[in-house]
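Look for subunit A in each of the two complexes below; its partner is subunit B in the first and subunit C in the second.
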Partner chain A sequence: MSKQFRAAISYAAIAVCSLLLAILLILLVGCDVGKAFYGFFNGILGSSYSVAEVFVKAAPLILAGLGVAVAFKSGFTNIGAEGQLYMGAVAFTATYVLCPGLPKAALLALGILAGFLAGGVWALIPGALKARFGISEVINTIMLNYIALGIVGILLQTALKDRAQYFPVSPTLDDGLGFSRLLKGTRLHSGILIALVCAVIVYFFIFKTSMGFRLRAVGMNPRACKCMGISVSAGLIVSSLLSGGLAGIAGVGEIAGLHHRLIGGISPSYGYLAIIVALLGGNHPLGVVIAATGIAALQVGALAMQRAANVPSAIASIIMGAVVLLILARKTLFKRLLREED
Partner chain B sequence: METAIATITTFLAASVRMAAPLTIAGIGEACSERTGVINIGLEAIMLLGAFCGFMVTFWTASSGLGMLAGAGGGMLVALLHGVLSVKCRANQNIVGLALNFLVLGLTSFLFLKAFGQSTVLPTCATVPTRAIPLLSRLPILGKAIFNQNIFVYIMLILVVGVSALFYKTEWGVNMTAVGEHPRAADTAGLNVFRVRYMACALNGLLGGLAGTYVTLAQLGFFMEDVTAGKGYMALVAVILGRRDPLRIMLASLLIGFAEAMQFQLQTMGIPVPSQVFSTIPYVAAVFALLFSIGKSRDPAALGVPYERARR
Partner chain C sequence: MMALLEMRHIDKLFFGRYANRDVSLQVQKGEIHALLGENGAGKTTLMNILYGIYRRDGGEIFWRGEAADFLSPKDAIEKNIGMVHQHFMLVPTLTVAENITLGLREKGYPFTDRAALSARVAAISEKYGLLVEPGALISSLSVGERQRVEIIKLLYRGAELLILDEPTAVLTPGETAGFFNVLKRLRADGCSVIIITHRIPEVMEIADRVTVLRDTRCVFSAPIAELDEIKLSEHMIGRELAPPTRGKATAAGGEGLVLAGIGLQENGIQRLRDVTFSARPGEILGIAGVDGNGQKALAETIMGIRRPTAGEISLGGRSLAGLSVAARKALGMAYISDDRHEDGLVLDMDLAENLLLKFNRDKRYASRGLIDQKRVLQKLREAVGEYDIRAPSLRVPIRYLSGGNQQKLILARELSDHPQVIVAFQPTRGLDIGASEFIRQQLLAHREMGARVLLISADLEEIRALSDRIAVIHKGCIMGIRDNSDDLDMTEIGLMMAGNPAGEVRAG
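So, the complex of A and B:
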């Protein structure tokens, strides 16, 4: 048996385990398994609206997931995509609030740039602290998530508040200025196209440019980089900026394509899910796109299953956590199978 | 004057109460991190602790049993993290993150399974306040510290006890050795894996206990994501307190103070966005990390799995 084949078997075993876990959980609540699974798949593939809904959720996951993957490639553990996403959303909202009357193209170009920079700077803070002082980025990125949430809350009650509203929401983006609808009668917007374009750009940047090569080298062996004259600091700074920037664009998309105004809680943990997306996608852009679509489908399906068969949608969270743990434990669980015959 | 003292007393008492779960969980995390295992799944530990604590108290009407169950639940999560980090040598941060998802889903699922979709929240009695004789009659401090619920007293005992463990016993030295240089510790005959598993278990035990504070002392009921970021808050306390029990308690008091301040201002109707205060501890943590350069180092092997058979 070839090495790849053995690896494939181990992944298949993990998939079977997760499926069994799902069936067990469904049986635990006393539901009909067939009905639950029908509800799950019907909720994903049942109508053009539901299929579109998967891609509505996939767009931010792809962008933030790409960001996390770029960071992981250079050895920067970015747990802060959630905060970076919110900062991107804040920057886009500030752009259309502060510059009213801009034509659509100019507004979107300026807004995406602002979102990229805001998210990028939010990741650059822990990135620079790691590059310059060697401070661990893990805690810093988590802290900056909460600080970003705080900033959103403060701005929604002060500078960005819609004075005409009682609740803390920002002024609404004028009709026709946001991302275009791709399909009538669904919520699908051009954010998904931007996400796919970014995936292609990130692929070329990481695998086909010398900067990308240096970035990967920094992630693989910082000490060797120092000996070869590749700057570890520069690698970390570029990757953190790009990583946060991509998450920032995800935030822009949520405002420009979906909510059309800034409110608290625009992200149902997209930033944390993005880490799982990057891990499942093997930090490769194509893998990220597939993993993000899969996770989005899982979430949409689980909600539909709740409506159709009364199975709690918390099941999606359980399955995701379990799959990640199984993948992390894969090499130990399948030690015998994966052992080289030499 | 009288009212001012009364206000200060209530204020201090509230800060101390809010500091208790953060300190208890933070001390547990400090044990784990000293041996080199960083667990950002502290939120998951606390959440399962809060859940198990509530369920057992609800069924048995005994908050003592509930606290034990909560500690057990927390230990389960921490040991799962321990096995994956120590035996499977997985990325500890990702394990912690995955556990957060897993436990968040699991507790909501089991809670719905147990009680169904009802509009009435099932509740249990909260733990009573117990005054310590004599000490509770001290001015200001008596009310603030010695007229509290059992969690506050556990916090005080832990600060003294774990400080002694860290600085006065051989176990403490062993933990530091395993966290700083596992290879040397192994060569000296210490069982690196066992020390780490023990520290993980202790982390889970304390974290789970801290989780029960939320359901058994603060609220008296359980709901989805009931700990709402308290685990991350405890991580902040560990950073600010540089993994020292006493300093962790002081940092937790600071966070508790900021929280109490926020409630106070809201009840007084002062229009400051509540996030101004709730964000302060996080900003402080970032600066604490920045200013601790050179002063307090992380344990050298923090987050690094140990492999025996590798040079």
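So, the complex of A and C:
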């Protein structure tokens, strides 16, 4: 048996385990398993709208997941994609609110740049603190998530509030200025294309450029980098900026492609899911794209399952947690199968 | 008589290449058995198979006459086989007794009687002359003491066969003698020991029987009584050995690497004090000294990894003050660290990427920020050919190369482009005869090409064989510098290593 085949078997076993767990949970809440599964898959593949919905959710997951993966590659544990995503969304909103009358291309270019920088700076703060003073980035990135949410709340009551509205929402982006719709009758917007382009760029950057090489080296052995004259601080700063910037673009996409205005809850924890995406994707751009699409499908399917068979969509979260655990524990669980040491 | 351990026709492949091929080994009860071979010969692999870390691809293992198959070290320990790895597996923040009993559920767990445990540890330590204080923190112990803790750990678990991987590599000559006494006591007590080594004199001194591995195969096994050192070395490297010869002095005129009054203070500790010397072009300056006397601080200060708090370093008349590590490397300063795993390599990167650690900003291999894979691979192929680096493939993580081959890659990287200065810090540490010989020849070759070579080593033999002049370092101070002539006063060097300044020795 080849090594790849053994690995494939172990993944298949994980899939079967998750499926059994799903069936168990559905039975536990007293629902019809057949109906639930029909609802799940029909919700993903049933119509062009549902397929499109998967990619609507995949776009921010890919972008934020790429960001987290870049950070992880350089040894920067970025837990703050959520906050960085919101800062990107704020920056894009501020751009169209403050510069009315810009043509679409200029607005989008400026807005994406602003979103990238806002998210990037938000990650750069803990990045610089780590590079300069060696302060743990884990706590700092989490704390900055709360600050970012607080800033969004304050801005929606003040500078970015739509005066005509009673609720805390920003002015709406004018029709035709946001990301183009890709498919009529669906919510699919060109954010997914931007995400895929970013995945290619990140792959190229990480594996083909000398800067990307230095980032990876810093992530794997900072001590050797120091001895070889590769700056660990520079690596951390570049990777945190890029990492936060990618999450920031995810935030831009949610406003420009989907909501067309800033509201309090634009992200259903995309920034946290992004960590799982990076983990499952092995911190590789291609893996991130696949993992993000998978998780997006799981979420879309779960919601459909809830509608069709009245199964709580929380089951999807449980399954996702279980899958992550199983994948992380894979090498131990399947020790005998994978015994061929690498 | 039935052998305690028998391994028959063991095969092991990594990435489709043999690491062990048809290797057999027989160990009797109460025997010290040396497993001799160059690095990469497959000694450690064989023992890792026995210990349940790797799984064999072919062959059989018999333990006390019964077919045995250990799936993990835990299995092996249960059957009274214990192994001390080259890199110790101890928790530095715990005490000796805590480390020894780590993972065991003693009577009364979790309310273990710590005093009783410590007494048991003390009893074992007394019995075999393994002197350590059970209550001391591991972090406060010397390397030799840590090794004793590792051995006690195994004896505490009832090991009857101890596997020791290069146990003497980390010991001073004095400690080695004490360590051999421990082995003799273990033997007298009926324990068997497999000692993995590439040092022939040690095999002659301590072993009862030797098995020689060469190039993944078992080439020879015999009782020590029938052998002598020369015969053994021929079995081991498969040819006769040519010791490096230094040739006549090649030191040229011109400005060297000059250190003037270098001091280094870190966290209130004076690591270096008033270090002054110069290494001329075409000269090897040996820095002798007992390990841990500021050698690392010296090497890293010269390379710019640490900043001196006093004095100045200049190269060719130009001050190096304020220059980064990268800038110094660009001036042709090469560094071979004593710790290749931590300082010299990124173990999870492949061979080409480890070369790139140096060349990632070099116009020849990276233009406009893009790595030129073709040129890097071409450079790597040249290096692999020139330095005879043996790797299963050029794309494996360098982790899977033997120590000697890893060091050769570092050499290929650091010695390319005619370095002006070579700081070689314990360049042959842990390497076998063949690889050491090669590395010494390389240093001599660069001496002839006019490099300023600083050879920092605790191995006095090596210093004497290669250096034009010898400086002695003690507690961060240079005690004196002597020409390395045939009538060099070794007693004086020894006294300087123990902390007596050169002048006083003469006067006394």
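The rule is short, and it goes like this: the second predicted complex is superposed on the first by the 340 of 342 C-alpha atoms of A that agree within 3 Å, B and C clash if a C-alpha of one lies under 4 Å from a C-alpha of the other, contacts with A are read in each partner's own complex, and residues count from 1 in each chain.
FYI, contacts are C-beta pairs under 8 Å (C-beta built on N, C-alpha and C of every residue); 3 or more make two chains touch, one makes a residue touch a chain.
The structure presented is a predicted model; accordingly, all values stated were derived computationally and were not measured.
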Aligned on subunit A, subunit B and subunit C: do they clash or fit? clash
Looking at the overlay, does A:Ala217 come into contact with subunit B only (first), subunit C only (second), both, or neither? second
Determine, under the contact definition given at the top, whether A:Ile230 touches first (subunit B), second (subunit C), both, or neither. second
With the two structures laid over each other on chain A, which partner does A:Arg307 touch: subunit B (first), subunit C (second), both, or neither? neither
Going by the contact rule set out at the top, does A:Thr158 touch subunit B (first), subunit C (second), both, or neither? first
Who wins on subunit A residues touched, subunit B or subunit C? B
With both complexes overlaid on chain A, does A:Lys3 touch subunit B (first), subunit C (second), both or neither? neither
After superposing on chain A, check 91-99, 181-189, 235-243 or 469-477 and name the one in subunit C that bumps into subunit B. 91-99
Interface residues of subunit A shared by subunit B and subunit C, listed none
Per the touch rule, the subunit B residues reaching subunit A in their complex are 38, 40, 80, 84, 87-91, 93-95, 97-106, 108-109, 112-113, 224, 229, 232, 235-236, 239, 273-276, 278-279, 282-283, 285-286, 289-290, 293, 298, 302-303
Residue positions on subunit C within touch of subunit A in the complex are 53-55, 300, 303-305, 324-329, 335, 337, 342-349, 353, 356-358, 360-361, 366, 369-371
Subunit A - residues contacting subunit C, complex: 208-211, 213-214, 216-217, 220-221, 223-231, 339-341
Any idea which subunit A residues touch subunit B in the complex? 25, 28-29, 77, 79, 125, 129, 133-136, 138-140, 142-144, 146-147, 149-151, 153-154, 157-158, 272, 275-276, 279, 312, 314-322, 324-325, 328-329, 331-332
